[in-house]
């Protein structure tokens, strides 16, 4: 097998040690020769810290891998086999604005769902498409693995506006496998899940343990589902789950338990302690740790950061693409009719067969109306978000927010958008 | 042409004089021989008043038409050529509950849209399907013209659960033709409108006057659209209309201007003066007038009741079915792919060619995402509402309300449903 | 109403007197000011004859209409309100080749169906697209009415490769209305027909006389359907019609009675008397008549030429577009989902509502498999034919013929194509 | 793992030793406890021979497996884990009629394609549905593995008319993997093929060896595709393959090379040596061998019988279902939108992910028109064939044959059907 070059865009991310750990564990299988980490000038300090830590980790691993950290994105992309994007345009400061402006207007303030995710998409898509343009020139055969949130919307932008092979990945699906493997005390491979939906809005329509259906266990409350640590957990109404007929994901709470969560967010807002504030603190502490010259592995504390098993999912995907294994992964890919109630050209998150030359979605069954309706309206919002990000059309941006189920009206949509555009002005090229 | 029998179910409705006026105007063309008016025991007093008025109106018209008023629904249906349903199950008292319970929970309280329309559908569908069963036995070839709200949902229930030929009618579309004919000072026939949507959620995607497009006039505010008298009017944001790319109908305000309208409803709620209260007063005054033995025509005051041009739309439809004219009407019919982003078996409100033996929808063009998303989620809500009404399944009822864009969460959906089921208990057969 | 200019491309066609007769009859209603007739240099003699006849006809009609005959196509198109294409690229000589090469290879030889229609499409599409290009420049708002065969394929080429408003017309549908009006002794307007299909392959799935279904009359043989004079008539097997569940059109005989018709064609081939030979004679006689300076109207003999009621259908369509009547016509238009088992972007022949600004197909019901399968494969052949004509790709041409149900194999397809391309060389730009 | 019971219906088939060999090889992995072989009274002699051979084979294998051979189908089905159907209703005698009647009428005479396959389906479907009825009662959770031809049509009948979990299997796909693995000298697992189509009409739209596309090798003739030994091989026209853009399967020759193959069949017909005649001889010889008391394994001669690797494909499928491996197999399953230009409820042959509880098709990309058209018409023929078999409706049977691309006309369809029904009378319950 030919030696490969892996490029991590957003190398200064606090997640990088997790990703490095995973890559090092599979370094032989993947024949990794070089890992390039690239960041923007504002992230230079963090990148340096990470560069040092990465080199310590490589040294400890005894692999013959070259670590290159740089601000020169073109050099990093050139000749890459895999490009991984884990960027945060505007950093946590802008995430904080996303949350505060939303909550201030009485709507859910969240990194990927609702107005917050919308604004993050507007900031992020132009940067990602810039990366794709460079890849088309400098690494046209590379796979782009996008972990940047909102992962589904960002991946859709690439699918619609670039020729690069792209796949979007979220750590949500792997956590379900881990959770149920643990619940039923079986190997992960003995857990089988039918998913339908889009990133951060997936429903589980089938759960099988060793070939036997166990979905009723969860719907009736006999077993618990996976609940992400970063989403408030007030428990599920099991009557509701049974009439839903499917297991919702954590992000569904923003839709199904809106009032309760909003109340909690309002309290955090009052105390200046929303999720962005919390993450800022955690990140500061992490970078403190990363600078310790004695540290040569991923610190335990990173696990509390959220994004559990992110590295495992990512590295398994790279491995299965690379080894052409035909394994089933749950990924963000072009729909092509796999969910027949959605347009062909949108991004969906479903089970796929992974090969080196293609990633192919498995056909899903028509979901019941309670799933279909919500899925269709949120997907239409996402399509409009991609269009707004690419065209810079403020009217389309208002339309996107207006039909989002968490925004109560066009009036509110417009107010929120105006405030968000104002603080995001440095990151946009819009004719506001 | 063979003489025909017209049966009006809900004959005691305050609208009946309008309908009678229309039928009498076309009595010769239609060869009307008998008009049967039927009501339930609780409506007997109103029916008697209407019977007397109807006979005075017929006498004045000099037509040889027999008026029969009865509580015997089977006798009224037997051998009918056209059956018209204009019933209000639970009467205005229950409508009042629909509105008050909704507003109390901080959501729009409205006769057809949102939680109010949902509850009205649950009460109404079993009664309408009972009528259909009798028609299948006693008048299997008759056309059922449904004017009972929520007209789209009720018509869908009949389309899915009966073999009777049915068409749903709303006075909304005709009012657009009237309005634009007036604006541009042309005959109604020179106004052409492309509609897409479902009852009380239709968008105008094309407006042509004498073959020239004039939709931009309305989108930019140069011309005004029709605004129904019974829906609060705070004006439109023309930037919003332009990015929408279509003219919304009056009921869209509940979705696009939710906050503003809800504020108004809360004030009315405080003062015990919601729409139901207002209509109750108007109705009482109307029946006062109807009893006047000197009255032999539709009183002017009826026009303020709402439902403008309802009679004209209804009688034109009956005439065009009867005379097999192939005229284009905007009607509630089975989709069959005419709106390709909705299921085949649902009810949509679109332009149709009317013939005696069939009513055929015109194919529509794929709407933009801002229309598609809202349309799909509200239609999914309607499908679930029909399912809940037919099965009496409380879980499905919660799912229906939960995905409705005007209900903020599953929790709220459940609370509202519980309260509504409690007061509606006499009208339902549910295992609550 | 503003005065209009009508442009007839292929003015020297023997059909022109029929078209002129129709236009003159509606000249006032349409405010026709000018009729331009254009032809190619090889057709100049015929055009001169037609010019003289046209002027005599106008004179007799007493209308104030200017007749202009010219070889300058751009001048003829400039500022036109309606452009009518009735051209025959390669004239009857090439039609003769189409028929003889087909029959020689043991397959149906026919002007529009099978290999003959295929070759006619290859010759014709580039010319029609050239006309469209000029219209885009010189008369961008004009309607193009295409009567040139194969009308469905040629119209599809325009729909896919031009921005001009186009509609394709065939005289087949009007003949059904005439026939059944006559059979049941009712006015044409009391006959209603549900069509599904594509040009020269339409099925009648509903036949209503005064609102009553009469399709069984035809399926059982109690009534006869319309049978075009130019298609051999060996009668229908009524068992077959009943299991088909629909009335086939005349051209279906080439598919359902292939052996019998082929046998007849082989005899004609032996005697040098195929349809092209017959038409050549008729045409020569017609032009003899047309030169008679005493002739100032359409001669009776033209009726035997075929194309009955062609003028009536054409002039009614122009009138209904022009007067914006919303009448129902059966036309060749973009599918857009009206026949849901066919792609959106293809041309279908179905009932449409005609307005000045748009022609809108009526939604059809899903046809049974016996109709669907044949319709789909012939439509796929047509799509490939358009692609072959536009790209000049010989491989695609072979693929088109190969899947045509009347061509037995790819081998045969290739042989036929080679011979046809050879004789058509002067009309093509292919890299053969 | 619980011990399982495998039931082979048509146990007296000459293929049984191959299947047994495969099952014995995997007996431990599958925990096979019992193999039941069932046949009809006419097959009793063959079943006895097979029973003896099976017992010798088991003895040699040293597995503790009970062989039960019986004419009592209900007993054999009761409690089965897997039911395998490999029956031939009417035996080779009726296959001979299928071929001779077809060829006599000048159309392809073949076991599964065209009129021959049609008649085989009519005979077979009622028997298979009878087996399913017994399974619904006696082994409702068992998987039915159908290897009976025409496998796609028979499987579709089960999918539409039974609740039993069914999958249809053909040896065609595995032979492609074998062939290309051999050509490129790689392991079978390194060959990846994208298939689209239906049984015996599949196209290869993608061929990847170790992740690199090699389809052009075959389209240009640089590499050869797999050609089944039982289908005449006159080579491919590589120009044709390139414009097709996909690798056709062997059965495509009946469509693309019809004349050439028909000529060959006519010669065989003259000499009384069609495929049925040849197989009859081979079978007689095989049963001669099977009776040899010294034989305790599959004889070499069986390989010449056709159906190469049939056992390997079958046993791998059973193993992967049983072990719930999520491996990709090419199978006959319900479409559900995986091929979006075909109806949802039909049977297609495509790549699927195999699990114990479900077999899920992978989504395919929209095929080009040259594939789509032929695929759609043959599938429509198959749908009508299933309908004819289930209803016994002769009219539908004529419609099925009429639209089949290998039957030239409705007249021919009717003649062939009449003759076939006459000789098949003992196997049908039709009201002829």
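Here the chain labels run A, B, C and D in written order, and each chain numbers its own residues starting at 1.
Just so it is clear, a residue touches a chain if its C-beta (ideal position, glycine included) is under 8 Å from a C-beta of that chain, and two chains touch if they have at least 3 such contacts.
Chain identities (UniProt): A, B, C, D = 6-phospho-beta-glucosidase.
Quick caveat, the model's predicted, so the values are computed rather than measured.
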item	value
Remotest chain, subunit B as reference, centres from CA atoms	D
Centre-to-centre distance between subunit C and subunit A (centres being mean Cα positions), rounded to whole Å	56
Inter-chain centre distance, subunit C versus subunit D - centres from mean C-alpha coordinates, in Å	45
For subunit C, residues that touch 2 or more chains besides their own	none
Chain pairs in mutual contact under the definition given at the outset	A-B, A-D, B-C, C-D
Subunit D residues within the subunit C interface of the complex	237, 239-240, 242-244, 255-260, 369-370, 372-374, 376-381, 383-384, 387, 393-396, 398-400, 402-403, 405, 408-412, 414
Subunit C residues touching subunit B - in the complex, by the definition given at the top	190, 192, 194, 206, 208, 210-213, 324, 326-328, 336-338, 340, 351, 353, 355-358, 360-363, 365
